[in-house]
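When the chains are written out, they are named A, B and C in that same order, and each has its own residue count from 1.
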């Protein structure tokens, strides 16, 4: 794909070469995110960080990624008593807001809303999540993390063995990740969930058509015994009719250090899209794993900044200029690297 | 008026020469807003963007205008559980907040609040809307748009023929625009509204005293047949006792492409303060006009950034410095111009 | 203490020499806060201004302090429908958010939460208020103001005579100030409150152990007759069971110009942590004192910016670089100094 001026709306836009490109640029962003260096490449540029649905971490991650490139951020953090409630169309909102910035990141509760917005926007739009539909930067950061964790073990994404665990019916992240994995070869996927929360059939089919091996199970321990990545997800309480219904499933697939030690291969990497539910009744990933060096959940969050920086520089066509306007960080940054 | 360090609270501050000055500076801001050039003239300056009432577009427009000049923005987006609810006076709020920035833009639901705030502020204050009272930058951007649309047809504001349509009783923008038009000559104004939502008499009087021709009507099609500008407004549901009462008037003066073609002169410009109500029952300006090059509603929004940039540079006295700290934009900005 | 990379969580971290250091750096920040000069020393740095509880003035003060040093600010202004409501631990929140900025300022309604957060954070954390517990920058700005007001009279903190007035039971600011005063010598403290809202005994003991003279009283006028500072506080309505209970105490210790003239020594300085309650039934500090040059309440707010700038430069180790990246302010700043 041609990244310059492009909208980033769906992982379906990406071919394998595109992903390689994003990841290679993301790699080059590390010195900036880790504060050995700073860059002013987007000094004077404005991100419109339009969050019509609350999401502190995603919003701040996009904003920080843009600040790390030297740009400024204008944002909104909810519907407020917004124009949309006065009957404004997404078309109008897009036409107006796209006059205020150089690029827009948008989150909105309604499926398809970001694509509709992008059609009317005069600047590139990056999807920050549109309801149950897509959250492409999350999928990219997940795959980037997998790649990174495997590389440190001399492996690559082709040949990956991964278990996806939990609410596979509602989990937008595991859906998107599954779609991305279809671009790779020879992957072994274990799908671990209660029957009622199984991965949608069309995604299972897509994985099979890509030539991957699929194992479906309701049993955690056997499923994580021979994988490189155990990707756990939260029961998405907000997608159930009642809390009671969600409670039926909560805590069914808890992973903790003793299970890890007994059943997993050494160095099995644990991932989770965050937030993890640390309440006693859920506790998908026990805090006794916090000291485990293979717990990659916070590296995922850090990688999100790299991937978002990569997308901004690609879409705004400044990849080749980043280093030119770079300088050493003069302030204390000792804890970060 | 002397702009340097001045508060911008009301359109009544402006004489015709002042408006010429604002508009001429606004013209010079175009390369920056359209991203051919960027400027760092306000690098290090801080805007306090104090929105004690939600208004996403106005807030982001002011913030972006300041960012486009190189400045930083601190903001608030509602009352929060704010000090005002603990009994703090506007005087105190102003004395405190004016220590945090170089200029303040303030919106507040209470009429007169911004002026009261400005009296105690130690930095210049720009009124971003104080209840039903004033929203001077909206009035300026409307008039700037009219001027701009007319210029491209070899005309000027003197001699303008304009129809104002809809809820002329509650519409703050048409009130302010009427007052501004009193500074010009030989204007023909058609006021089109239900009788109950007529333009307040004191404004009609003011227009007459300025020597303008006023026609009052309840009939849309005849009123728009010989005008340069058809300025439509939204039924301000929030100003009525009940939604039912507002519904009585909603959709009474719909403008669409077939009406436009049948009744308007070629190149009649359509304006609206936005947001337009695009729900089927209202639909003041039909979306079938979106492709009409004379639909100026999004140019109005874009012009808002220019006018706000102009006010910031005038009030902070940096008009002569903008170009000195300018540079070419190195990032992709292809869709914008 | 070693400021570089340190968390600023509690006034108990500070010894007298540390305070001297903060105040001396704060003094050097004046030209920047008053806009004779600007500095880019933190150009490229990011503050995570994480306000999980609303507080407009404290939030904007921290943000402006960081902007005044050239840095960028990402922020959150409430719980939103945040991850914490989905069961996320403070540990996780801290691990994630600390990947997005160079330093974090955090306010949170829960006592001890900021310290817990700081343990997991990878960047320095400054406490912006954690419930009824601590608000160290408020205590520092109060003491800085006292020092500054005394210096202009040829005095110093040692030997200070101060009256603390109002709700001394719930007032976090007078608690913290009392603790800081224990680091100084020979202070005379009058504690003026209804018996039910008396200063907690452990703080009275601490002041006595520091060798200070303590007078406890329920009577305002006698208590303010021989003091350098009259420090008044608001009845903290939100800490009472009912508004009616708070109303019992509201307005019991009103200070106005005629009381001031009759009972205070000339040049007695009036302080208050703000917001002051200016409603008729409360009116702790009457607005007829607004013209009194000894009313220091707005100087307190201004000093807050200086103290916060000082902490940022100390923690990020750029004190010696501030002047190197400084430049003259080219925009209008006439009202500020």
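Keep in mind that, in the parts below, contacts are C-beta pairs under 8 Å (C-beta built on N, C-alpha and C of every residue); 3 or more make two chains touch, one makes a residue touch a chain.
Since the model is a prediction, treat every value here as computed from it, not as a measurement.
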item: Fitted rotation between chain A and its twin chain C in degrees, CA, nearest 5; value: 120
item: Residue-number overlap at the chain A/chain B interface, same or different (half cut); value: different
item: Interchain centroid distance [CA atoms averaged], chain A/chain B, Å; value: 39
item: Chain B residues counted as touching two or more neighbouring chains; value: 72, 77
item: Chain B to chain C touching residues, read off their complex; value: 4-5, 41-46, 48, 72, 74, 76-77, 80-83, 86-89, 91-93, 95-97, 99-102, 122-124, 315-318, 321
item: Contacting residues of chain C [partner chain B, same complex]; value: 33, 35, 38-40, 54-57, 59-61, 63-64, 67-68, 70, 72-73, 77-78, 234, 237, 274-279, 282, 287, 290, 297-298, 301-302, 305, 327, 329-336
